[in-house]
Structure formats: structure tokens, C-alpha cells
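Provided herewith is a single structure, encoded as C-alpha cells, for subsequent inquiry.
Every chain is named by a letter (A, B, C, D, E and F) in the order it is written, and numbering of its residues begins at 1.
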Amino acid sequence: MTVKKTLYFGAGWFSEKQNQAYATAMKALKANPSVDIENSYVPLAHQYKGIRVDEHPEYLHDREWATATYQGDLVGIRSSDFVLGIYLPDEEDAGLCMEMGYAQGQGKYIMLVIPDEDYGKPINLMSWGVADNVIKMSELASYNFNQPGFNFYDGAVY
Amino acid sequence: MTVKKTLYFGAGWFSEKQNQAYATAMKALKANPSVDIENSYVPLAHQYKGIRVDEHPEYLHDREWATATYQGDLVGIRSSDFVLGIYLPDEEDAGLCMEMGYAQGQGKYIMLVIPDEDYGKPINLMSWGVADNVIKMSELASYNFNQPGFNFYDGAVY
Amino acid sequence: MTVKKTLYFGAGWFSEKQNQAYATAMKALKANPSVDIENSYVPLAHQYKGIRVDEHPEYLHDREWATATYQGDLVGIRSSDFVLGIYLPDEEDAGLCMEMGYAQGQGKYIMLVIPDEDYGKPINLMSWGVADNVIKMSELASYNFNQPGFNFYDGAVY
Amino acid sequence: MTVKKTLYFGAGWFSEKQNQAYATAMKALKANPSVDIENSYVPLAHQYKGIRVDEHPEYLHDREWATATYQGDLVGIRSSDFVLGIYLPDEEDAGLCMEMGYAQGQGKYIMLVIPDEDYGKPINLMSWGVADNVIKMSELASYNFNQPGFNFYDGAVY
Amino acid sequence: MTVKKTLYFGAGWFSEKQNQAYATAMKALKANPSVDIENSYVPLAHQYKGIRVDEHPEYLHDREWATATYQGDLVGIRSSDFVLGIYLPDEEDAGLCMEMGYAQGQGKYIMLVIPDEDYGKPINLMSWGVADNVIKMSELASYNFNQPGFNFYDGAVY
Amino acid sequence: MTVKKTLYFGAGWFSEKQNQAYATAMKALKANPSVDIENSYVPLAHQYKGIRVDEHPEYLHDREWATATYQGDLVGIRSSDFVLGIYLPDEEDAGLCMEMGYAQGQGKYIMLVIPDEDYGKPINLMSWGVADNVIKMSELASYNFNQPGFNFYDGAVY
């Protein structure tokens, strides 16, 4: 029996660089034998009623849409085995940081992934502290999430 | 007897605009009769050994400094009555967002304060959801923190 | 200095008997020197926009109203020192029971108060277990909430 | 590999209607390919020492029995993947509501199931809020619990 | 107004040395102006029905006594502002260590106090990690618990 | 498909008796068909950088080593399905007790295992209370961890 873990995929989709890291990470996860990507939670696939607010700005003030999408993300964090954050030191994402804080309160293992070329750059102290481990993008496809461990970020903090 | 509440002061000090909001908020809090500012937790006053990493970049990689400063901030959140976040929609702060997520897990009341001129601008969906209330800077001096309540942000989400 | 504690007032207002117990308990709390009733949270006073759904049935399906009122009650539980439940063994209240479960997760002290004439009657096993203490209505005015203690319900369970 | 989830089966057995819903739900769960019913927790099967207090009223005041049965149910909630509540709007169950509040504090996914003929009827505001999703009984056999999602109850609140 | 904090007094009473540290600490706390000792929780004063199992060994197997005394201590931890542990490196107390772990889960500030002559001796790694601060007995009377802070134990770990 | 659970292996390695119980328990776990020992967390195998402080006393004061090893153990507790404590009534382990308290806050099932010849001896009240179940060493190889249940320790408390 091959055991697989589910994850909450924390990643932004608001800039060119974010979209590139998003795609690279997703490809690595599909290749990772310890990851059950089919049953993992990808927020972009769970916008309430399938509506993306960046494409439908008329929902910017819709409290029902916002409540349901927000609660859906919390469900995703709570019902997944761990939280993965695609982290760009030069474009730290407010949403991902809140999600990591929430995940800490839920006792989830929190893994940050930083593109190889950015690994080592300073990251926010609170992200540094809440992460249980921080690896390079090139390590993502082979990390064994069935045996998660703690390690310090091998980089700077600000 | 006048009851007063203590708070964790979540606010950045990395840009001109952040510093201005920081000072304005601090002044309002000192004027607020429901706030015990003397016993509140201001992170900038609790950098480990009094060392600010922005002034002493040689501590950027010091894991003892980072661990102690991070743990100090968590102590501040846990031992304060509520968390106040000075929130700039155009400069969302990664550290503050993680602190709010953590505070949610600790059951703290979370209040965001937005400068009047920025109030209504879009904020990140996760910040929107984790906040129990969002007020304008001009309301901060008179808000009664002994009777905290819930309300939606009267602005947009992205 | 006289220390006083704030509470979340868990009590129904849907039947004659509930309304009577509600009023009796409120009177006792105002007389209790260890209670700060002014800064306590009374749900009926925090219906979103001041709208009571029992008087305005057109809000029965309003998700914004429901979300805000629900979140307001959670804020009330989290930001109060303890939770008081006015408990009628013959009319167990679904809402109060959920609130006690939530309060347990928030680490709050949970005190049930049962009218003297009903004290001893069987109550639901889960209410029995989640309560830290169960007293008679006639004891409410003098209980010292600055020194809360544990005790078993002196009655039956079903 | 077919992944299956375990659940805590929250349902009453105190009235004719409850017993009927209990049996219907159990049958649907056995048919659901995403549910591991064998390793799920059914409270009725875990009464301390196999004693049901409704059949042995001499245990109504037995604190050892009550403590062990209560703690057993908490173990069931904590060690199951999610909590399922069989919910009858006309007969809201105090025990189930407390269990849902507790489950929320434990970060569990909470699914309510309402008999088709009762779906839409008003339910208590706190049950409405704590539920992550509310489906009809006829949907239970095919719901994929490996991909749980959030949704509002498509009915009224009181 | 002088603000005072309540505490849970974690300390053993099973050896000569423990009893001495117990008495010294209690005296310091009464002298500390930031401590409300009257409303603090002292476990020895809350043994169920006033029965101490060391004096009444016939209660060694009494599950009702054990459950109530245990639950009372948990109430004490949850309803106090912080947890104080009188810690003897040569006689580490199993009960105190469990209480600190529980207190961590409840978000309490955890302060260890070590007799001056023992300060610096190795302590268990888990106690080292869960403590927010570790001071000497001679510092206890003047520590300001209204402004709790984080610090590492200035001693060894094993 | 045979479902297996992962565990956090809480056990001391500081005395002859501890080492013996350690080895006996490990053998039983490998024989237990409901346990996935390969993906379970054994603290001794996760000392930071592979350094054991009992063999390298120069690390007794190394805060980086201590922080990382401590955080690693917390990760082990959080990411395992349940916590197993090898418990010797005559040599209660401070570290294990703190781990059980922490595990309670994380909602983990907590099972204590006591060598058959020591089963029944008095254990600390707090360990008694935090344990969900206490079995004999000889029962460990066959206990079904896919169907965990609550039971009282069949022994004394002090």
C-alpha cells in the first residue's frame, strides 16, 4: 500500500511570477508519490458558484460570495493533511500568510516552497516562525510528506 | 471602576506610510478610555535583546534572535485581550496577516483599522474573513473595546 | 478594587417558560457583585442591524443577516470571561448546546443554571459533560465568579 | 487505491422519527464508497460497559458511567475524519448540537443531513452557522467525502 | 487602578524540598503587586470534597474523586490568566509537566520559577520548550505579570 | 485495503528499565497490523542534525539545537494519528507528560502502555486524566488502533 497525503495548496495567481511558480509547483506535486493531488484542496477551483472575483468585479462587494469562498478555504485547510505555501520572498502574499496562521491553530504541518533562485532571500519573521520547514522548488517532487520533519529556513529573516 | 483592555499592536514600520499610520493609531489608543496602553504589547518594543534587525542586519541569519523575537510576539498575542491591526489596503503586511491567523486560533477579538482615505478599497479575502470588525482610523479613539462587536468591512474584497 | 467578570448570556426567548427564566436570571446577575453585566454579551441585544428574525420573518433566508448574527454570538463567547447557560431540562435549547460546545473549544468556564423546581431532572449527557458546574437559579445572585470551581450536576443524565 | 473516510455518527434514538432517519442514514453510509463505516464511531455502540441508560435507568445517576460514555463520545469525534449529524428541524437534538460545537473546536468537517421532506424548514441559527454543509438524505449515499466542500443550507434559519 | 493577574499555582507537595519551594513561592506571590492571589487557583485547596488522597488512601481508586479533582484543575488553568510552575530540576513533577502542556493548548502564558541554588541545572527539553520564561525564585516577588515577556532559560537542557 | 495508523512514540531512554520497555513496545508495534510504524514519529530518530545531547553534552546549552529538536517533536505529535506513551509508574517521565498535555490540546487520541508487572500501581492524577485509555504491554501488539476507545485506568491515582 502506498500512503498518500492531501494538502491545501496555498499560492497566489495575481502576477506573472506567481502564475509561473503556481504551475511549476502543481507539476511537481503530481509527480510526488506521497501526495494525493486528486483529493487535495486547490482554492482557485473552489470559488463560490465557480465565480472568480478577478474576472467578475461585480462580486467585489458580495458578502455571500465572500463568506462562502472564505469558509470554503477554511474547510480546505481543516480537512487536508498539511498546508503547502508557494512563497515568493519578493511578493509575500497576505492571504497565504493568514492561511498559515490559521493552519497553525488547526495543528497542521506547514511547508513553504521557495523557487530555487529566490531561496535564501529575507522573508517576514512571522512566516519564518510559523513554517515547520522551508524547501526549494526543485525538492518538491521528491519530498516524502509521509515523514514530515522540522527544519529552519536556510535563509534570512527581516 | 473603569475597565480597560490590553491589545497586541499589529502594525508595520517599513515604509513612510506605515510609520505615519503607526503614529496616528498610537495617539488614538492613548486617548481611548477603554484601552490600557501601558500594559499592551508593542512588538517594536520587544525585539530580542533590544536589537532591531533593520538596524543590525548582522542578525538577519541569527536563529536565536529570530526564535526569541517570534516567540515574544506570540506571547504578546496570547496574553493580550485583543489584537489590533493597522491595515493599509495598498501595502498589505505579511506579518500582520499571519498574526491575525494565529490570533484567530487563540480566540482573540480581531479589529482592523484602516486610514479614512483608504477605507473601502479592496482587501485580501482572508483578511476580510478573519477580521471581526473593520473601522476607520478616525473611530479608533472612541471605540469601546469593552463591548466589542462583529461587523462586515464596508468595502471591497479581492 | 472589586473585580468583576463578563459573561455570555446563553438563554432562549422562544417560550413562556424561557422568557420567565431569562428575566429571573438577568435580575440575579445584576445583583451579583462578581459580575460586570454592563460589559457582558446578551445575544438578543446583538441581532444584526437590530433585526429580530422572530419579528421580521422576511429575514429567515437572509444569509448576510444570519452570518453576521452568528459571528456576533461567537465574538460574544470569545470575548467574555465565561459562559452562562440558562438550562431548562424539559426544553433543551439546540442553540445553547452548540454554544457550550463552541465555548469548550475556546477554553471558557461553562456554568449552567437550572430553575430550582427543575433541578435534578435528567439532562442530555453531552450537556452534563460539557458543563463545568450546574447550580440552582436561587444560587445565581451570590455565586462568586472570581473563584469558579468544578462540580458534578446533582441530578440525572439521559 | 480507494480512499475512505471515517465519521462520527451524530444521531438521536429517542423517537420514532429519529429511529427511522437513523436507519436510513446508516444504510446510505454503507453504500457510500468514500466512507469507511467499519472504523467509524457510532455512539450507541459505545455506551460504557455496553449499558444503555434508556434500558437501565438505574444508571441515570451513575457518574462513572456518565463520565466514561461522555469521554468515549469525545474520543469518537476527535479520532474520526469528520462529523455527520442527522438533523430533524422539528426535533433538534441537544446532544448533537453540543457535539457539533465541540467538533468545530477540534477542526472537524461538519456535515448535516436532513430528510428530504424536511429540507428547507427553519433550523437554529447556531446549527446553521456551525455546519460546513447541509445536504438531503437522498444525497448521502453518493456524496464524496474525500472532497468535502462548504455550502450554505438552502433553507431558513430562526 | 492597579491591575492584577490571577494564576494557576503549579507546584508539588510530595517531598520536603517541594514543600519548602511551595511556601517560599507563595510568600513571594503575596508580596507581588501584579498578582491577585486571592482569586488565583491553588490545586491543594480544590481537592474534591476537601479530601486529599495522600491523607485518605481509600480514595486511590475512586473514579468520581479523581475525575472531579482533575476537572477542577483544568478549570483552574483555563480560568486563570497565566500558569506558574515551581520547578525543581532534580525532582521534575509529572503532573506539573502535563499541566504546562495543557496550558499551552489553552494559550496561557507559562512561567517557570526555579530556586536560585538550582537555577542553571539541566531541565527536560519539553519543559524547556513549553515555558515562555524561566526566572529565579528571588525574582518572583517583583516580576510584573502585567507585562509578561518571552525569554530562554539561562541553563541547560537534557 | 488494510488501514494503518501512525503514532508519536513517547518513551524515555534514560534508564535500564526505560530502555527495556522501549524495546518491548517497539517490537509489539511492529507486530500490530493496525500500526504504520514506518511512517510513525520516533523522537530519538529526530534529534536535530542527528546529535543526541546525552552523547554530546557540549550541546546542553545550544539554543538552536534545543529549539529544533523541540519543534521537531511537536511536528511529530501534530502530524501523527495518535500518541502512545510508554509509562512506568515508578519512573514518570516529565517530557512524556508535557507531550501528553500538548497532544490533548491538539485533539490526539492518547494511549498509555504500562508493563504488565507495573499495571495497577498509582500514577499521577494528571496523567490519569489526560489518558484516553491505559493498557498492559502484553495487549499492545493486538490493540486495534483503527477503533480507539475510552476507558479508565484499572489502577490507582495519587
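Going forward, contacts are C-beta pairs under 8 Å (C-beta built on N, C-alpha and C of every residue); 3 or more make two chains touch, one makes a residue touch a chain.
Source: prediction; values computed, not measured.
Chains that count as touching both chain C and chain D, per the definition above, are A, E. The geometric centre of chain E is 24 Å away from that of chain F, both derived from CA atoms.
As a whole-number value, the distance joining the C-alpha centres of chain A and chain F reads 31 Å.
For the pair chain A and chain C, the distance between C-alpha centroids works out to 39 Å. Counting only residues that touch two or more partner chains, chain D has 1, 63-64, 67, 71, 74, 106-107, 152. Here, these are the chain pairs in contact: A-B, A-C, A-D, A-F, B-C, B-E, B-F, C-D, C-E, D-E, D-F, E-F.
Interface of chain C with chain B (complex): residues 1-2, 4, 36, 39, 46, 64, 68, 71-72, 74-75, 78-79, 106-107.
Looking at the complex, you find that chain A touches chain F at residues 1, 3, 81-82, 107-109, 132, 146-152.
Within the complex formed with chain C, the residues of chain D that make contact are 53-54, 60-61, 63, 66-67, 69-71, 73-74, 92-95, 97-106, 122, 124-130, 152, 155-158.
The part of chain E that touches chain D in the complex is made up of residues 63-64, 67.
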